[in-house]
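Below is the structure I would like to discuss, written out as structure tokens.
Naming follows writing order (A, B, C and D), and every chain is counted from residue 1.
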Amino acid sequence: MSMSVGSTPQDGSTAIDWRAEELLVATIADMLEGVRHVAVGASSPIPGAAALLAQQRAGGRMRVSVLGSERDNFFTDGARELFDCAAQGRIDAFFLGGGQIDGAANINLVGIGAYPRSRVRFPGSFGSAYLYFLVPRVILFRVEHSPRVLVPRVDFVSAPGTSPEHYYRPGGPYALVTGRCIFLFDKERRRFRLASVHPGHTLAEIREQTGFDFDSPEAVPQTAVPTRKTLDEIRHVIATKIARTYPAFAAHLFDGVPGGTG
Amino acid sequence: MVTAARAVARGASGMIQNETQVPVETIDELAARVPDGAQLAVPPDYSGCAMAAVRALIRRGVKALHLVGVPQVGFQGDMLIGAGCVATLETAALTLGEYGPAPRFVSAVKSGHLRLKDSTCPVIHAGLQAAEKGVPFMPLRGVLGSDLLEQRDDWRVIDNPYRMTKEQDPIVLLPAIRPDVALFHAALADRQGNVWIGVRRELMVMAHAARTTLVSIEAFTDDDLLADDRLAAGTIPALYVTAIAEAENGAWPVGLRGCYAADRSHLQRYVEVAATAAGFARYVDEYVGG
Amino acid sequence: MVTAARAVARGASGMIQNETQVPVETIDELAARVPDGAQLAVPPDYSGCAMAAVRALIRRGVKALHLVGVPQVGFQGDMLIGAGCVATLETAALTLGEYGPAPRFVSAVKSGHLRLKDSTCPVIHAGLQAAEKGVPFMPLRGVLGSDLLEQRDDWRVIDNPYRMTKEQDPIVLLPAIRPDVALFHAALADRQGNVWIGVRRELMVMAHAARTTLVSIEAFTDDDLLADDRLAAGTIPALYVTAIAEAENGAWPVGLRGCYAADRSHLQRYVEVAATAAGFARYVDEYVGG
Amino acid sequence: MSMSVGSTPQDGSTAIDWRAEELLVATIADMLEGVRHVAVGASSPIPGAAALLAQQRAGGRMRVSVLGSERDNFFTDGARELFDCAAQGRIDAFFLGGGQIDGAANINLVGIGAYPRSRVRFPGSFGSAYLYFLVPRVILFRVEHSPRVLVPRVDFVSAPGTSPEHYYRPGGPYALVTGRCIFLFDKERRRFRLASVHPGHTLAEIREQTGFDFDSPEAVPQTAVPTRKTLDEIRHVIATKIARTYPAFAAHLFDGVPGGTG
């Protein structure tokens, strides 16, 4: 996907340029405030950069594990350790995507069409059916925001968004972040509530591009654009770390941005 | 740091000579130990993949494998499926990561020629741990309400016998996974057949759980891997190793931690070529032989 | 051996700085973190015993511990019991090995002042693994027909839900053991708080399972233990470590693998002196203080 | 305990001297024939020496693990590995002792008197309640052969000798070796059968010193004394290994025996 560059005047300051990716990084970093340990997939550069930014803001007092990475992963008990660690309550936040995501926060990582002969087959459920239950703050992240992805009901529930009250489930969905907006998940109502719309997008567009029904405040706020301070942090501090952890992403993101590869 | 140095330099070698030799074989001999219909456990692309042995398996035309990804599988799975070696696929995912959808897997799913046992990572780990502990099952949190559970008649749900709550506390039970064969690649083995896997400990669980463990390695060392605690801590004892084949670059085109990176251009080319059955056949002709 | 050398010389250090510091404390500060009434897990004499911290615990007069031997316990147990720190003892054995019967333990058993939860090694390992996996229980073979089972109302027997047989297949279920505190001694830690334990992997399970993990070490290293797979393979990540105290010879008079042997004459003397309560009190005066 | 030195003429050969310990080592080694992997306790020098001898006879094709030993133990997965290994069917033989042993092969490692306030308290059950179920050939070994040890019924069953037919129990008692004789365990009859009496001991003495009832053939054979070849192996080959693995025992056993510390 390609993402736009915005130029937004900030309260009382001169206009600054930011990229859509930077907005997402800043937004997700906000959601990680107070988190002690966040795990991120190796091929999740935006959540990964957000985690690094949140770690930076926490003065380093946050652990970031990059799964599947040879280097940024401090596990020493094999591939199962992530899951055991989550079950021990030692992972506060995690990211999940979805080939399909529905309005009850169910996610489908298996395929489209009737299982098992999926018309479109995705890789599989990975650890979703487990981590979604055990990690308190699961952020669903999918840049593509279309009726193809955000469906009324997923064709296959890799991991359910909600469970009966009496189930053991310390974890679950916290938010759904897309290229157009932010939804927060309302655990009481078991459905999403639109929290903010990214600059350049509209509520009408989001209704049209979302296959599921969701709640919305009367006046929908705009997603806060990254502050100059945040952009400086991303470009001058995080960029170096990002480049080492997600080189391809960093090359794409910081190409031509001054100081970006710091 | 004197104490520190002492701490990691144990030095004294094992006293009892366990001279039992683990057979050292060619990669084709190793592959010949995998019978048709075997439940074969293999690691993901980020761990130690015995790609040379997988090519040997395809050459020998192994059939009807029950392939288990521990907990997921990558190029090994796509190639074995493309070559018609796999009857059943039990895995949390078959993924080629950044290289995109796995062409032969996706095609086999559409054709319905593959029996799918879709799973989730911790279930496969727990199943192997059950086999490691010699227990018939393992309980696990989560998974409830997933369609995975609907599709798997071998997963059970019971009311937690230790629940502290008034209401039911459903918990999933999973059967042990005891592979007929575990197959993987590692950097080093010693002459006694001990295999060094470092922090890639899922390989150790596989070896503990499986009836037969086949290992390809980059090279032998003449040292005793169990003599130095630094190495012993990441070593699978020979007791669990059935046979070893030396295969330099044996994980190619996938990478091997600490040794070499993935051959990205080759993997990208595989994904493109294997988009069609004919293209995959050409790839096999060129790189697998047989 | 070039490849071999490469294999074990990964070299590249971790990229993401996890700067979270594990507090470094005095041995008395470490001991102060063990509250009265805590379920305290400690290793056997052949593993890493934090004897200096045990002496600190006795000095501070900790009370009503639920002491768990992982899976058994030696001098630590006898001393803590002798000093009146233990209300409940859960262990597969309290043994001083070749030094003979454990005097304060035997005396406490006779007096009835100790609540005994006699166990068996694999039950304690399985209980800790259950806590490590965040499951409420673990199944285990064996144990049926043992009076241990009779005495333990927290062990259950169910009919194996996966039995293949016509007749019932009873199997024992054991509750998770999630210690409030795991306490042990290791050779090395780095400045980030990662702790090297080599092959003494029961210490890693303890750290994973416990709510709080307190570690005394021989010495710090300025290297990053996770940067080299040889050391990382035997390292408990700082994530699981609550606090560290430096204590050279911290396992004395018990030995520490790779560092020093047990002080046999001291241990022999302990057993003789501690034969009476008065003798034990003199031993405490002389070697524990407080 | 102290053990005697015997001097027994062998068929057609001149008399040779042997120690009681050597007889036990040789006898137990015979019982380990065909075993692929035997585990031995660190403070079990006689079974340990027997395992080494059996390994020697097998041309090294037998694994010997000495538990609790820093050096002769190839486990790398912590203290639990022995038990997992047994459950996997990878340990064929193991040794257990007992503060009390009864005629149904129940063993007591906990204490004498009513639990929990045992009159005599032993260290505890260790792994017996498990390994006795899972290791096919468990050899009970206790040099002291007295009514105090060999009792009609143990006061506490650390591990039962037998289980109902339908229980999962691939393992169990194979023999009971004492300083006076060898019993083999009859799984059908669930009781011991006297197999042989060590030289210098008698059936009458054994009946008197055994607190439980046992079966006995009409003519009780004498335990075979170690052959010259076996004694040579013990003294010239095994002794070196024993000395490294069980130094105190070796010092005791080979003190004054020619070639003993080879």
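Odds and ends about this structure:
One rule holds in what follows: a contact is a pair of C-beta atoms (placed from the backbone, for glycine too) under 8 Å apart; a residue touches a chain by one contact, two chains touch by 3 or more.
Quick caveat, the model's predicted, so the values are computed rather than measured.
Shared contact partners of chain A and chain C, listed by label: B.
By number of C-beta pairs in contact, A-B leads when A-B and B-D are compared.
Averaging C-alpha coordinates per chain places the centre of chain A 30 Å away from that of chain B. Distance between chain centres (mean CA atoms), chain B to chain D: 40 Å.
One inter-chain figure worth recording: chain C and chain D are separated by 30 Å, centre to centre, where each centre is the mean of the chain's CA atoms. Distance between chain centres (mean CA atoms), chain A to chain D: 62 Å.
The multi-chain contact residues of chain A, meaning those touching 2 or more other chains, are 75-77, 83, 87, 134.
For chain C, the set of residues that touch two or more other chains comprises 126, 129, 133-135, 140-141, 160, 171, 199, 201, 204, 232-234, 257.
Shown here, the protein chains touch in an arrangement that is not a line, ring, star or fully connected set.
By the definition given earlier, chain contacts exist for A-B, A-C, B-C, B-D, C-D.
Interface residues of chain B facing chain D in the complex, by the touch rule stated above, are 12, 14-20, 131-135, 194, 204, 208-209, 226, 232-240.
Residues 42-43, 68, 70, 75-81, 83, 87, 109-111, 115-119, 121, 123-134, 156-160, 163, 166-168, 248 of chain A touch chain B in their complex.
Against chain D, the residues of chain C that register as touching in their complex are 44, 46-47, 70-72, 91-95, 97-98, 101-102, 105-106, 109-110, 112, 115-116, 118-123, 125-126, 129, 140-148, 151, 160, 165, 167-171, 199-205, 257.
Chain A meets chain C in the complex at residues 37, 52, 55, 59-64, 66, 71-72, 74-77, 83-90, 134, 241, 244-245. Every residue of chain C that touches chain B in the complex is listed here, in rising order: 1, 3-4, 6-10, 126, 129, 133-141, 156, 158, 160-163, 171, 173, 175-176, 187-188, 196-199, 201, 218-222, 229-234, 248, 257-259.
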